[in-house]
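Two complexes follow with subunit A in common, the first pairing it with subunit B and the second with subunit C.
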Partner chain A sequence: MSIERLERRQGAALVAPALIWTIAFFVLPFAAMIWMSLTHMEGRQVVNEPGFGNYLRIFTDPSLFRGIVVSLEITSIVTVLSVILAWPLAWIIATRVPERWRRLALLLAVLPFWTSYVVRSYSWALVLGENGIVMQSLIQIGLLDTPIQIMATRAATIIGFVHFFVMLLTLTIYSNLVQLSPNYARAAEDLGASRWQVIRLVILPLTLPGVVTGAFLTFVLCMGDYITPQILGGNSELTLPQLIMLQLGRRGDYPMASALAVVLMVLVTLAYAGCARWLKMERV
Partner chain B sequence: MISRPTCTALALCAAALPISAHAATELNALIWCDHADPALLEPFEQAHDVRINVKEYQGTAEALTILEQSRPGDWDLLVIDAVDVGRAVERDVLAPLPAEALPTTDFFPELVMASHNTKDGVTYAVTDKFGYNTLAYDKTKVDPADMTSLKSLWSGKYAGRIGIYDYYLPSLGLVGIAEGIPTAELGGDNIEKLREPLMALKKDTKLVADVVGSQTALATGEVDILLGGGEYLTATLHAENPNLEWIIPEEGAALWAESIAVLKDAGNPELALEFVKYVTSPEGQARLATSSCYWGMPANAKAGEHLTDEQKAVLRWDEQAEFLKRAQLYPIPSAEDDAAMQDLWTDMLQN
Partner chain C sequence: MRYLSWAYMAVIYLFILLPVGALVLFSFQDGRLPVPPLKGVTLDWYAKVLADRDLMAALGNSFLVAIGSSAVALVLGFMAASGLSRVVLPGSVLMRGLLIAPMTVSYLIIGLGLLQVFNTVGVRPSLMATGIGHVVINLPLCFSIIYAAMGEHQRNAMRAARDLGAREWQVLALISAPMLAPALAAAFFLSVTFSWDEFIIAFLLTRFDVTLPVEIWSMLRSGLSPATNAIGSLVFLVSIAVIVTLELTLFRKARK
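Entry: the complex of A and B
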């Protein structure tokens, strides 16, 4: 046997476990989901006659289509707000916090990850409620006469999400910032750049891979999340995951749930395609 | 001296022993959360040297899907909405029960529900708990006189202070009752008649939430009135907030009822039947009625002997005869009507 053929076989043997894993746990279930999305319900039975009826309905039924719009709106707002809040936080931790305190600062940043997601959402429900600490404090200091409704609105969902994802983005941006050589900033300053120009024109662009990686993770996790909008949104509007759960838990309509899940997957893939330039490993 | 590996092996054996000692057999039950209360399960587990594994589910469709995707013998017991027993019988997942072994002669007559729990003379399930989807409210923030009519919810007086229990069947049933449509007639063209009042109600509604969310909203004062709420929401909060109240308005309310059944492919059908007998016995019924997840009326009237006066007062035991006269069973829609009702509910949530 030639060395080339031997190497090919060895390569195939090394790749095989990962390939089998991917086929078994991603390709096959995804193919099954696509197939299921092409079937439809008649009464309470699934009819295995392939067609695009479910997809047609998703884009023509205002209630279902609105789920896509609501999800995209919430996810976009959360991603933008999280980036705006996380970048300065990461920058402060990486450059302004003395090294001996940096670990503590990072620990505080990741602390929200230590509590259960459900408990955290319910905690926000109590905080944002009419009798919660936010409204009562605003009334006490005279900024409000009567409480305004935040709980059970889109704002509550966004606050809950941003709280979680700012921490995630802070970590990805921080890891990017600490890898940057201080020589870039020094060189820019030597050439006459102000501190703000250094941040805007040198550091910020160099941290884009970290920002985009975090933003993409935020987009994926936020887009697919069911718990936060369910608890904090008060069912005032439904996101895609809520619509999927409605099809599964209430209706037993697996074909429609699968079609909605495929749409969700396509949206995430499009987001990946949009971010792909910055998500390349060598740039992170 | 005992070597370290031996010690480790002994420790592992010792750790495993209590499990095997306690769990001679196991029962697996698909349930609603009230059946997970240790105060209900432990007496049976100790008496029969059995471990009961429970899995909670949200809706009948979910339960039936779990059963379809399980192997025969995986599940022994099913707790199901009484109006959905027929759906489970259609799917051929329930085992016949020996009617003579069940204490239904002690039940409140309305709760025997033979038309739902039996088919062709064969009993497939037995009712074990009931209550009302009605109006729950905080009597210090709402005029209790207003709560005697469902129409008050549409008056605008309580705009922004109303919550809706997120279960389409009873809540649509209540909107229908308010519109003068009995739940038994809620189907076909009548469903669309609910759209306008439902959307009008949504405008004045603060949130639509599940049991826990509804309970939290009432407890924290987020909402003052809950459509679809009843004793199951207020009873567990009664000790902390006695101002929470529920009422059956003059137009009526929707009766909810749970049934318990043994599954056709149960791994341990004899013991599963024993559990059904236990849950429907007066003692079991009293424990189930006051379950920590939510309270509800026991179907067995003899359970009253095992409830304290205070518990009976919270359950409003003495008023049941009058309540039952005014309550209507959930709508039981055909598959087509069910889809139409769910579409209407989704529209309401999304708009």
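Entry: the complex of A and C
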């Protein structure tokens, strides 16, 4: 056997276990889910006659279609707000904070990242509730007479999400900013740009890859998350993941849950296609 | 602009740190509700949490699943990265894509798919099932971190070892692994953090032996309680301790 063939055989043998694992526990379940989404329930029994009934229902039944709209709305608002809040923070840490404090500043900015995800959502419920710190402080300083209901509304979900994604985006944008050579800004200043013009016309466009990567991550994680909307948003309006869990838990309707999951998947893929130009996922 | 910067920083740090601050503060609440006013300071809730057998069992389960699944993901990812960096196989690009693919899919979808397959073949929900799911989500991570760390330098050393008569497992264990130690450690600890805190797959794929996030989830059903704050604060402190230790030992060395 030639050396080259031996090398190839050994290389293949090394890759095989990981590939087999991925195929057995990712590709196969995924295919099974797509197949399942084409079947439907009759009573408590899954009927294996492929058809697009579930998808038709998703797009015609208002209570299901609403989930897609709610998810897309919440995700877009969260993504935009998080970018707007995170960019200045990343920029301040990268350019205004003295170098020796930078790591500490960054660490503080992402500290709650290390709490458990479930606990993080819960802690917002604690803060935003009628007796929570925020309402009580607002009443104390006389801005409010009675507490406003934020918990179990969309606002609470959005606050919880923005909190998480500001941290995430600060990291991605910061790592982009520190890679930029200060020469760009210097050159623009030499050519007579004001400080604001430097930021808007030079720095901001150069950080676009970091912003898009972070925004895409935000989109994917926000669309697919069940915990935050369930703990903070309650059951007043359901997101796609909440609907999926509802089909599973209360109804045991696997085909419908699968169809909704496929819709979720398609939406994320569309988002990826939209950002693909900026995303260099293979370098992650 | 300078003052504006500091003001902005102060406001946003308040926003970022407020919930954690409230969480920790009211875990010491001497009363039944973790909301203001602070009635007094007590460690009772911590004592209660540490004496709670279900919680401590869940904590143990979480560690077990996290360490087990991360170890498997690390070994599989390391082998795959060595194999793929070694020779150009037909379909290398496709294989890389396939190995990274789970990273782009929501955990909920991965959990749902596994649940259906496990149901069909009759595998009961268990810690093992959750561990399998966690390997699926962490394998892409381990693979890409190790693959990215494998440069020409490593490849030459591996080739030299082979020329000198080392067997394949010797090359991996005695040459690649020590050379890639920082990347391997980073991949392993990142996996542990993800797995230990993962909720939705664990929620779908466990029934009686649950992991900590699932146990905390069920605690939430009984409403706000300083006990939940206490367990949340403990998780937070443990994570911080791990991060600081890593920062002071592993990453400091790696940066030099």
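Everything that follows uses one rule, which is that the second predicted complex is superposed on the first by the 253 of 284 C-alpha atoms of A that agree within 3 Å, B and C clash if a C-alpha of one lies under 4 Å from a C-alpha of the other, contacts with A are read in each partner's own complex, and residues count from 1 in each chain.
As a working rule, a contact is a pair of C-beta atoms (placed from the backbone, for glycine too) under 8 Å apart; a residue touches a chain by one contact, two chains touch by 3 or more.
Remember, it's a predicted structure, so these values are computed and weren't measured experimentally.
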{"item": "Contacts of A:G210 with subunit B and subunit C, given as first, second, both or neither", "value": "neither"}
{"item": "Subunit B versus subunit C as contact partner of A:L111, first or second or both or neither", "value": "second"}
{"item": "Residues of subunit A touched, compared between subunit B and subunit C (which is higher)", "value": "C"}
{"item": "First (subunit B), second (subunit C), both or neither touched by A:S123", "value": "second"}
{"item": "First, second, both or neither for A:G67, with subunit B first and subunit C second", "value": "first"}
{"item": "Subunit B versus subunit C as contact partner of A:P229, first or second or both or neither", "value": "neither"}
{"item": "Touched partner set for A:L28, first subunit B, second subunit C, both or neither", "value": "second"}
{"item": "Which superposed partner A:A257 touches (first subunit B, second subunit C, both, neither)", "value": "second"}
{"item": "Those residues of subunit A which subunit B touches in one complex and subunit C touches in the other", "value": "122, 125-126, 129, 131-132, 231, 248, 254"}
{"item": "Subunit C-facing residues of subunit A, complex", "value": "4, 7-8, 10-19, 21-23, 25-30, 32-33, 36, 85, 88-89, 92, 96, 105, 108-112, 114-120, 122-127, 129, 131-133, 136, 163, 166-167, 195, 220-221, 223-224, 226-227, 231, 241, 244-245, 248, 254, 257-258, 261, 264-265, 268, 272, 281-284"}
{"item": "Partner subunit A, residues of subunit B touching it in the complex", "value": "58-59, 61-62, 64-65, 87, 160, 166, 168, 206-209, 213, 216-217, 220-222, 335-336, 338-339, 342-343, 346-347, 349-351"}
{"item": "Residue ranges of subunit A touching subunit B (in the complex, touch as defined)", "value": "41, 43-44, 62-64, 66-67, 122, 125-126, 129-132, 149, 151-152, 231, 234-238, 243, 246, 248-252, 254"}
{"item": "Subunit C to subunit A touching residues, read off their complex", "value": "1-2, 5, 8-9, 12-13, 15-20, 22-23, 26, 33-36, 76-77, 79-80, 82-84, 86-87, 89, 95-96, 98-110, 112-117, 120, 132-133, 135-136, 139, 143-144, 148, 168, 197, 199-200, 204, 212-213, 216-217, 220, 224, 228-229, 231-232, 235-236, 239-240, 243"}
